[in-house]
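Take a look at this one; I'll ask things after.
By written order: A, B, C and D. Residues from 1 in each chain.
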Amino acid sequence: MELYLYIALFSPLVGSMFAALYGAKPRTKIAGVVPSALLITSLIASTILLAHILSTGEIVHVEMMTWMATGNLYIPFGFIVDQVSVTMMMVVTLVSSVVHVYAIGYMDHDKGFNRFFSWLSAFVFSMLILVMSDNFAGLFIGWEGVGLCSWGLIGFWYHKESATWAANEAFIMNRIADLGMLIGIFLVYWNTGTLQYEGAFAAMQNLDTEILTWMGIFLFIGAMGKSAQFPLHTWLADAMEGPTPVSALIHAATMVTAGVYLVVRSNELYALIPDVGVFIASLGAFVAMFAASMALVNRDIKRVIAYSTLSQLGYMFVAAGLGAYWVALFHLMAHAFFKALLFLGAGNVMHAMDSELDPFKMGGLGKTMKASMVMMTLASVALAGIFPLAGFFSKDIIIEAAFVEHHFIIYTVLLLTAGLTAFYSFRIIALIFHGEERYKLFGFHPHEAYKFMLVAMSPLLILAVIAGSLKMTYFEMVTAVLPATEYHLHSVTTYWIMTIGTQIFVILAILYAYKKYANSSIKVPDGTSKMEKSFVYKLLINQYYIPYSYEQYLIRPYRELSTIFWKQIDMKIVDASVDGIAGIIYGTGEKTRAMQSGNLSTMLKWMVLGLVILLSLAVVFGLAARHFDEIKVILSGLGV
Amino acid sequence: MEIGLNHYLVLSTILFSIGLVGVMRRKNLLLLFFATEILLNSVNIAFAAISHYYGDLTGQMFAFFVIAIAASEVAVGLGLLIVWHKRHNNIDLDSMSTMKG
Amino acid sequence: MLDHILSILIFFPALAAVLGFMIDKNSIRAYGVSVAAIEFVLSLFLWFSFDSSISGMQFMEQIPLIPSFGINYILGVDGISLFIVILAAFFTMIGIASLTDTKNVKNMIITLLFLQMTMAGVFVALDAIVFYIFWELSLVPMLYIIGAWGGPLRIYASVKFFLYTFAGSLVMLVGMLFMAYFYYQATGQWSFAILDWYRLILPETFQLWLFVAFFIGFAIKVPMFPFHTWLPYAHGQAPTIGSVILAAILLKMGTYAFIRFSLPLFPDASVYFMFPIAIISIIMIVYTAMIAYAQEDVKQVVAYSSVSHMGVIILGTFALNVEGITGSIFLMIAHGVVSGALFLLVGVIYERRHTKMMSEFGGLAHVMPRYATIFGLMLMASVGMPLTINFVGEFLSLLGFYQQSHILTLLAGIAIVVGAIYMLAAYKKMFFGELTNEKNKNLPDVSKRELVALIPLSILTIVLGIYPTPILKPINNSVESIVQLMHDKSITEEAKTRIPNLAASKGIEITRTSMKEAH
Amino acid sequence: MFEAIAFYLFAFLTTLMFFITVTTSQALYALTALAAGMIFISAFFFILGADFLGAVQIVVYSGAVMALYAFGMMFFDSTREVKEKQGNKLIVSGLSILAAILVVLIFAAPMVTDNIVALYPVIEGAGNTQQVGMVLFTKYLVPFEVAAVMLLVAMIAGIVLAGKKMDLSITLMNDAEIKDMKKDQNKKVLS
């Protein structure tokens, strides 16, 4: 099995390097095909591992080599495939295989084609390290690695100012969180003496709650960055500057869920500190609502989907925070499928519309892009959580869990958010595919994507539809390592009322969205309508003014402070004081140079002055020596 | 009225400061030499007086050597003075400023 | 040969430099490269025959110079100095190999060979006076390099560099003399041998004063805030090769000396000054990183980033535990590789455009993709990306200091954020965006000669990031013996608790730092 | 009583002479006053019983030194009034007086202690000249010889310095020669 582990892990790396070889050369299909083939190899290897685990329940654990060893610190490159990581591996390899194949078509005309595949495969490799590592340091390697690849891919079109800006923003914001993560790792090391999950979690059982709380908080700060939780969420929406396959893979299915994975992986730690768990759940619920509200009005398809991702991440954190780790993981998996599908569908639309992102300028695309419409609609239905698609099974169970755990505020928030989710999802569906064909006004000539791209998307479609039915199998598998909490309402009636109520609520939201946006009276908003002038609309479209205030109150002061530090403090104080010392010496030299006028008479006068000074010193010291005792008394009186 | 050592010392000091005045205010090199002679002689008085009052000949010996030094100083100094005068046709101190730093 | 390999390492380049005056101008480059290559092979041979299981000094040599004052020519390497010596030889080699066409190339190569002598000397000297001589001698070639081949402000920069560092080292010399005097008082014999001094237990007040004296010399060399202002000038004016060697090796003298002198000689003072120094390091890290962000000249960005990274090294050193000190030594090597490479990279673009202003560039990734890739790699290494060489050092340094103070480590950890900010901003300004400046449209990508220097550095950056063990292990052994020595020597209660007792925790006898070998 | 009168008389005279020396604007007056001052000083030596020293003072100063000065002055136009730009008189006199006060202060304080032991005590029953001779040729023999050599060296130096181009006489040269010489001199000065 170890062989399969290595194949699964390293074939993306080989693919990345292969594509990198063509990095500076003109684009060639082979640079896309080979990494994709290698990724499919990785997918197959992961599937074999999954089958192995499903059949035997054995955990594959290997230690490849030592990475760092000094003092008491010992960090190996160790990899573990257990029920949790194999889930992630499946999600990662599956979605990325799909995205790779899809991207061969999508990036067809881009001159950075080879570079793109190099980065994309490198990302998959980093992500696999992240999920497969058996220690915190290895996790951190992957953690930073995916950050790096995300930087490269968001800024893939590096000639665009907005793209590079977004790339740097994402990287730096993630770094802030990584600092928290690093501190968390240090805490783990100095308190447990090891960074291996196994040893560390075992040692944590005997530690103080206070230390554990700090550990939990700092590790969660790391998770907040990667999973774009409030207040570090702004990078995710800006990250949509990257190519759409990137958004589908990194910013929907895999990287952003790393935070959830971390919390799930550290479940033994978080089980010991339920207070932090509640905090995580509350933050998750808040972010779910907060992100959904921003998605309501946004006029950029990708950003809407990004906010929806953010909102769903909130759901996952609610589950993880409340101790329903397997539910979080399950939702993560289901979400990966339908959200990637949604993004790829959006990619098709963008491709058709020459990278136009404003859904108000589309409309009626359903006629020309039937397949894309079907896929996106199904994905949205899944996202909205309608029976019997994936979202129903994964998302409703989170809402139920919140109810069962008696966190009714969270429950209410999540329920409302479910409605909002349905509304905004179908708002864009309606705007894109239904209603008048507004795009004609702008001279677009939409066309359906390549066949093979659609075929590539189909596995995701299937999974988005059927994933729900795998729930019980999955539950049995994953609870071998995670706490097996089942969430059943005590009363069957309540259960039915709740489920049906939720469904009706969601369906009403969908219908409302259709009614509002699928009719023929929709115009491209020009800022004059009453709604657009309302305060709430402005607040939401400006993302609660958070990016603005970051720019105003963090970035700009930082820039100005840097300049002040450089120009004022470093040059004018620190350096000037050094130069000042030198200047004093030079200055004294210049001044006393006048003494050496060369005029003998003047020099004689100076000589006499020197004589007088020496004589006075003689007198002073003579007197001091004579009256030494008295002086001592006076000095001691002064306290010297 | 007994004349003590201090009288001589005070006299020597007065002469010494007259010499200092000369050293400082004279711009003529020759007259500057005169002033230095005064300085040396004032010290000689002090030496002789100390020698007398302590009954020790060391002071007188020193006075001898001071006189010897004064004599050689005059010899060399006047030689230099003449050379300078030949070159520049004056012996004004203010004209000697080649050692300007 | 093995008995005298260290002397050979020191004096071979010097001898070759003297002979170099006789070499014809056209063949001097080949001569220089071959001499440096032989030197590098010798240093590799040193590593090869180095026994990494021994923690003490190896290849010791001792020749009496002034026996009545206990001044001897003592050399030796341990795990701490070994790799810096190799790195010095390595950088001299690739520095000469990648040397672009400068005027007076003969003088430059001869100067570099002299510099190599002094660098090797500093790191292997085990006698304070010999150490001091090499320490000061190293200023002269660098002064010449900056003063003769530098930019428009070169005279100011070189004089500032020289006077600043020289003033600091004079204070250090006073410290050394007093130390020797104290040794004389205690034992009745004069000795300047560092290993003899190690055995001396000083009263705490003496330790404090001597620590300060040594600290001033070392801190200016490092350079630590607020003594850092000579560095940007020196880097800004120095030619590429000067900056590379200055950043890669010369700065390491200060941090190396902290580990060689300050820690084992004054363990109590080290503990006493741990927090003040940590705070200075944090100021260094954050403050200079912010200044780096404000720079308009890409070389200054790299220069200030050096200061920032040196802050992390100092922090790791004053963690006073094995993890921290090992990390800081590793980071010295890592920073040498990475900042050396970055300065070389800046030199590449300066060579083509004769400007270092970032506003002149923009969109370079379009025309120089290979250059952009290597720069990106080094940028990520500098930022501390895992699996690059810098991360290992930074991680261990911070991890080590975390044991001493949580809050300060958190503050120092800001390094990874602010580091990313200035580096990414600089990279964005230079490489991203549209290619607007006409002059940049036809820039050639990196040439073969430049790749000769850059490829080995890139490989080192990644290989040592993934597999640092061959270097970490010898360092670790030597550091363990130093930490144990510090623990044994310390007097105060606080020092005893702050410095871990390895012998107790590991239950093994750690060989005392080679005192026996010294005599 | 006689001693006191003699002391005060000669003190007054010496001070006066020396004062004239440093203040007069006529070089000749200064020379004469200095010579007189020197002779008056020898009187103190006689009063103090240092007869030999007094004699040497008169011989060396009034005889040799003053004669040298007188000869030296012949080279210069000594009759013309010496033009001297005067600086700040206040500084000059102030510094001098300050120095005087300080010296007096020093003399007044620790010197008048009795614990000074004579190194070469006065020999009873011998004349001053005899005593001087005995000390000078025993204890101070080496310095004495050195002083003699020094005088010799000074003499030679004086001759060499002053005697350069003694054979040249401007009065005997015509204009062209003088010009040439001036040129030469200028060159030398420049070099």
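Of note:
As a working rule, a residue touches a chain if its C-beta (ideal position, glycine included) is under 8 Å from a C-beta of that chain, and two chains touch if they have at least 3 such contacts.
Fair warning: this is a prediction, and the values are worked out from it, not measured in the lab.
Chain nearest the geometric middle of the protein is C, using mean C-alpha positions.
Between the CA-based centres of chain A and chain C the separation comes to 36 Å, rounded to the whole angstrom. If you average the Cα atoms of chain A and of chain B, the two centres end up 92 Å apart. Centre-to-centre separation of chain B and chain C, using mean CA positions: 64 Å.
Inter-chain spacing, taken between the CA centroids of chain A and chain D, is 97 Å. Under the contact definition stated at the top, the residues of chain A that touch 2 or more other chains are 601, 605, 608.
Each of the following residues of chain B touches two or more other chains: 20, 24, 26-27, 94.
Counting partners per residue, chain C has no residue that reaches two or more other chains. Interchain contacts (touch definition given at top) occur between A-B, A-C, A-D, B-D. Those residues of chain B whose C-beta lies close enough to touch chain D in the complex are 1-3, 5-11, 13-22, 24-28, 30-31, 33-35, 37-38, 41, 44-45, 48-49, 51-52, 54-58, 60-61, 63-65, 67-76, 78-83, 85-87, 91-92, 94.
Of all residues in chain D, those touching chain A in their complex are 87, 91-92, 95-96, 98-99, 102-103, 105-106, 109-110. The residues of chain D lying in touch with chain B in their complex are 1, 3-4, 7, 11, 14-15, 18-19, 21-22, 27, 30-31, 34, 37-38, 41, 44-45, 48-50, 52-53, 56-57, 60-61, 64-65, 68-69, 72-73, 75-76, 78, 82-87, 89, 91-93, 95-97, 99-100, 103-104, 107-108, 111-112, 116, 118-122, 131-132, 135-136, 139-140, 143, 147, 150-151, 153-155, 157-162, 164-165, 185, 188-189. Interface of chain A with chain B (complex): residues 593, 595-601, 604-605, 608. Those residues of chain B lying in contact with chain A across their complex are 20, 23-24, 26-27, 32, 93-94, 96-101.
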